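Some structures to go through are shown next.
There are two complexes below, and they share chain A, which is joined by chain B in the first and by chain C in the second.
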Partner chain A sequence: MLEISIFSILALFMIGGSIAMISNKQTVFAAFGFLVAMIALAGLFAMLNSQFLAIAQILVSVGAVVVLSMLTILTVNAQSKSLPQEPNKTKWIILTSILVAPFTILLYKTLTTLPDHFSTMETINTKVLGKEMFSHWVLPFEILSILLLSAMVGAIVIARKSKKKEDNTTQTNSRERSRP
Partner chain B sequence: MTPDMFFLLASILFSIGLVGLVSRKNLFVLYMSIELMLSSVSLLLATLSKVLDDTSGSVMALLMIGVIAAEAAVFLAMIIHLYRENRTIDSDTFHTLSQGENNA
Partner chain C sequence: MSTVAIVIAISSFLLGTLLALLTIPVLVWLERRIASLIQDRLGPNRTNVFGFRLGGVVQSFADVVKLLLKEEYYPSHIKMGKWLFMLAPVITFAAALLAFMAIPFADTLHINGEALRVQALPIDFGVFWYLAVGAIGVLGVIFGGWLSHNKYALLGASRAGSMVISYELPLGLSILAFIITYDTIDFNAMVQWQSGVFFGFLPAWGILVQPLASIILIVSLFAETNRNPFTVAEGESEIVAGYMTEHTAMKFAMYFMGEYVAMNTASAVIITVIFGGYQIPWVSTEMMLQNFSVFAGVLMITVPLIVALLIRWMRKNNTVRPTVTTDSGRNFETKVLTIALLAMTALIEVILLYLIFFAESTLANSITVMLFQIVVFVAKLMMFNIFFIVIRWTVPRFRYDQIQHLGWYYLLPLSLLNLFITALVVVGVSS
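Then we have the complex of A and B:
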């Protein structure tokens, strides 16, 4: 009974946060909704007895990803004229929800064909997880580390200020200057 | 507490992410919707790991958290780049590949 009530509260936070995320006009409040959803997801991981996943979720998703996106939202500092005009936003969201609802039901019905009870296994603690990860999952782990490295380099390259335009203008300026 | 509740929650979250992805135009909201869809899959993996009594699901969910972090870095850098080039975060501005340069 206690478990079900905790699950309901977490699920409520999660769904409420995600709905706030997609329906809010202010981008920062949308990011707050995302933050609530991610913290609730960490709680759900803890309810599934995978403690390490819950801690990793808090550390990476909440501590790094959400904070990074909030920082980006605040530093980009988009003015109201550069924000998209969405006068019929609520109508679009309701219409899309109706269109997506059958897909949700299909997904749920497909998933319920799996066993409907949890296995009586002990907690998936860090020891078990680490042993599994570094015995059977070493290659994916290494690939992931390369992916993270390339994403870091790619992010630096993409976000760097492009010097192309400035170079062109300086070149034309110098040409004009040297012409007479 | 049954797995069905977790399955239902994961399906609903995936659908909310899909709705946000289709119906909004703000690039930041699109990014967060994609993150939400990925997170719902990782919740599903953790649930299946407990249902099927197999640790691999949890390992996959853990690796997925790393993929989510990598995606966040690249996507946010891309948004900054697009905002710098066009001074807008409206996804409808970037339609060169769908409608051609003429309509821009």
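Then we have the complex of A and C:
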């Protein structure tokens, strides 16, 4: 009973955070909703006895993603009036909700069976995870590493190119501006 | 779970909480007194309760009362998100407090085949816990700074955020080097690894085994905790008070206390990872338990010596200038404290005597060793906190671009190089 109540509280926080994230016009509150949702998700992982996954969730989603997005918000300073106008937003939300409605059966199945696993789930500690990752899942792990590396290199290449262009444009702009 | 297990779990949780919270007034007092020492003045030393000054610690409690009773002021230009504006300091404080919980205060107790961790949170992935939870703290700074709708606060928040992002990398990489060396992500196992001997005579402390990674770890933790020389986020010479410009009374106090708890946590991580944690050099827990009578005898000699020195120092210093006629209760305070210290020493001596000659159970012995390790931990923690404070009052603040330069151009390549060398050496040794 205790587990189910904690689960419901975490799930409520997660749903509330997610809704706040997609519906809020102020970017900072959207980021806060994302933060709440991610911490609640980490709590759900912890309830399934995979504490390492919970901590990794906080480390990656909160420590990296939310901090970086907040930094973007700080530098961009997006006002709610400069965001794109979405007059049919509520209509779209209702339409897509109807479209994904059949999948709620899956959700229902998961939600009804999930609390049974809280106590019976085998504890996934770091040792088990590490051994599994480097024996059974070593090929996917390496492929993922290469993928991430290529993504990083790609990001650096894109950033350098755009920087050069920006430099040129700013130079021309300043020249144009300096002309009377 | 046996009764002992429950008692140990609850008391270590209480110890963790109290150690994090009760060090705040002590640290504030230490900060002010050490600042005065460096600037050749006395600092706060007159506030007292019935004549008890305790060297001035009482001043911090007076400060707490002042901050609680101050007017709660909200800037009128904050139209929306007042709740998040108020919540932001709490996020910083709570993250720093939670990060402290993974630190082991003493070695694992083995009682009737049960292994009991003396840790507020008995987890075996403490390093990840610290990195994950410690990173949430900066979010409070960013939220608070953004919601202040103030240019100075915004600048301070963005400085704090970008500094944390650039110093998280060297911090993580230097901790990774320690993880490879110690072959664990458990703080307690790290301390146990450091109880060995290195090169035959040196204690195997992280600072001697991994000097470069240790220095990188210390520098990046200074940056992570927003302490000098990395206080650009609240640089009062440039941006008023940075992210806490608009925060008043208890909201400001939350940021302030969060900074001290974060500093305390950083000191705890530093001593746990690179200064042997709760252990004194060359002596491991098993050695103390096996030669318990020798250990107790040494304690019985050293404790009175330390107390005698303390009393002598107090008698000499807890006085007023000869020109002042009223001593405002200082002699009385010295007398009471002397009696209390002597009674405490006598109690310790009696308990140790009983343990040496009469007690048969190993439980009491291991609990004594545990208490001794907690005392060693707290002493080391305070020493490192003093190091943090001395750095703050002796090194001038870096410029913002210098900080980014140091992080990206020196610490990151150095930590990568160190990681590479560590991996080579560890593979070479093990093969």
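Everything below uses one rule, namely that the second predicted complex is superposed on the first by the 136 of 180 C-alpha atoms of A that agree within 3 Å, B and C clash if a C-alpha of one lies under 4 Å from a C-alpha of the other, contacts with A are read in each partner's own complex, and residues count from 1 in each chain.
Please note the rule applied: a contact is a pair of C-beta atoms (placed from the backbone, for glycine too) under 8 Å apart; a residue touches a chain by one contact, two chains touch by 3 or more.
Not measured: the values here are computed from a predicted model.
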Fit or clash for chain B plus chain C once both are placed on chain A?
-> fit
Looking at the overlay, what does A:F32 touch: chain B (first), chain C (second), both, or neither?
-> second
Touching partner for A:A56 - first (chain B), second (chain C), both, neither | both
Winner by number of chain A residues touched, once chain B and chain C are compared | B
Pick one for A:L68: touches chain B only (first), chain C only (second), both, or neither.
-> both
Using the touch definition from the top, say if A:A20 reaches chain B (first), chain C (second), both or neither.
-> neither
Rounded to a whole Å, what is the shortest Cα gap between chain B and chain C in the overlaid structures?
-> 13
Can you list the residues of chain A that touch chain B in one structure and chain C in the other?
-> 52, 56, 64, 68, 73
In their complex, what parts of chain C are in touch with chain A?
-> 80-81, 84, 123-125, 128-129, 131-133, 135-136, 138-139, 142-143, 145-147, 154, 157-158, 161-162, 164-165, 168, 185
Okay, in this complex, where on chain A does chain B touch?
-> 3-4, 7, 11, 14-15, 18-19, 21-22, 27, 30-31, 34, 37-38, 41, 44-45, 47-50, 52-53, 56-57, 60-61, 64-65, 68-69, 72-73, 76, 78, 82-86, 89, 92-93, 95-97, 100-101, 103-104, 107-108, 111-112, 114-119, 121, 124, 128-129, 132-133, 136-137, 140-141, 144, 147-148, 151-152, 154-156, 158-159, 161-162
Which of the residues in chain B end up touching chain A in this complex?
-> 1-20, 22-26, 28-29, 31-33, 35-36, 39, 43-44, 46-53, 55-56, 58-59, 61-63, 65-74, 76-81, 83-85, 87-92
Once bound in the complex, which stretches of chain A touch chain C?
-> 26, 28-29, 32, 35, 51-52, 55-56, 58-59, 62-64, 66-68, 70-71, 73-75, 125-126
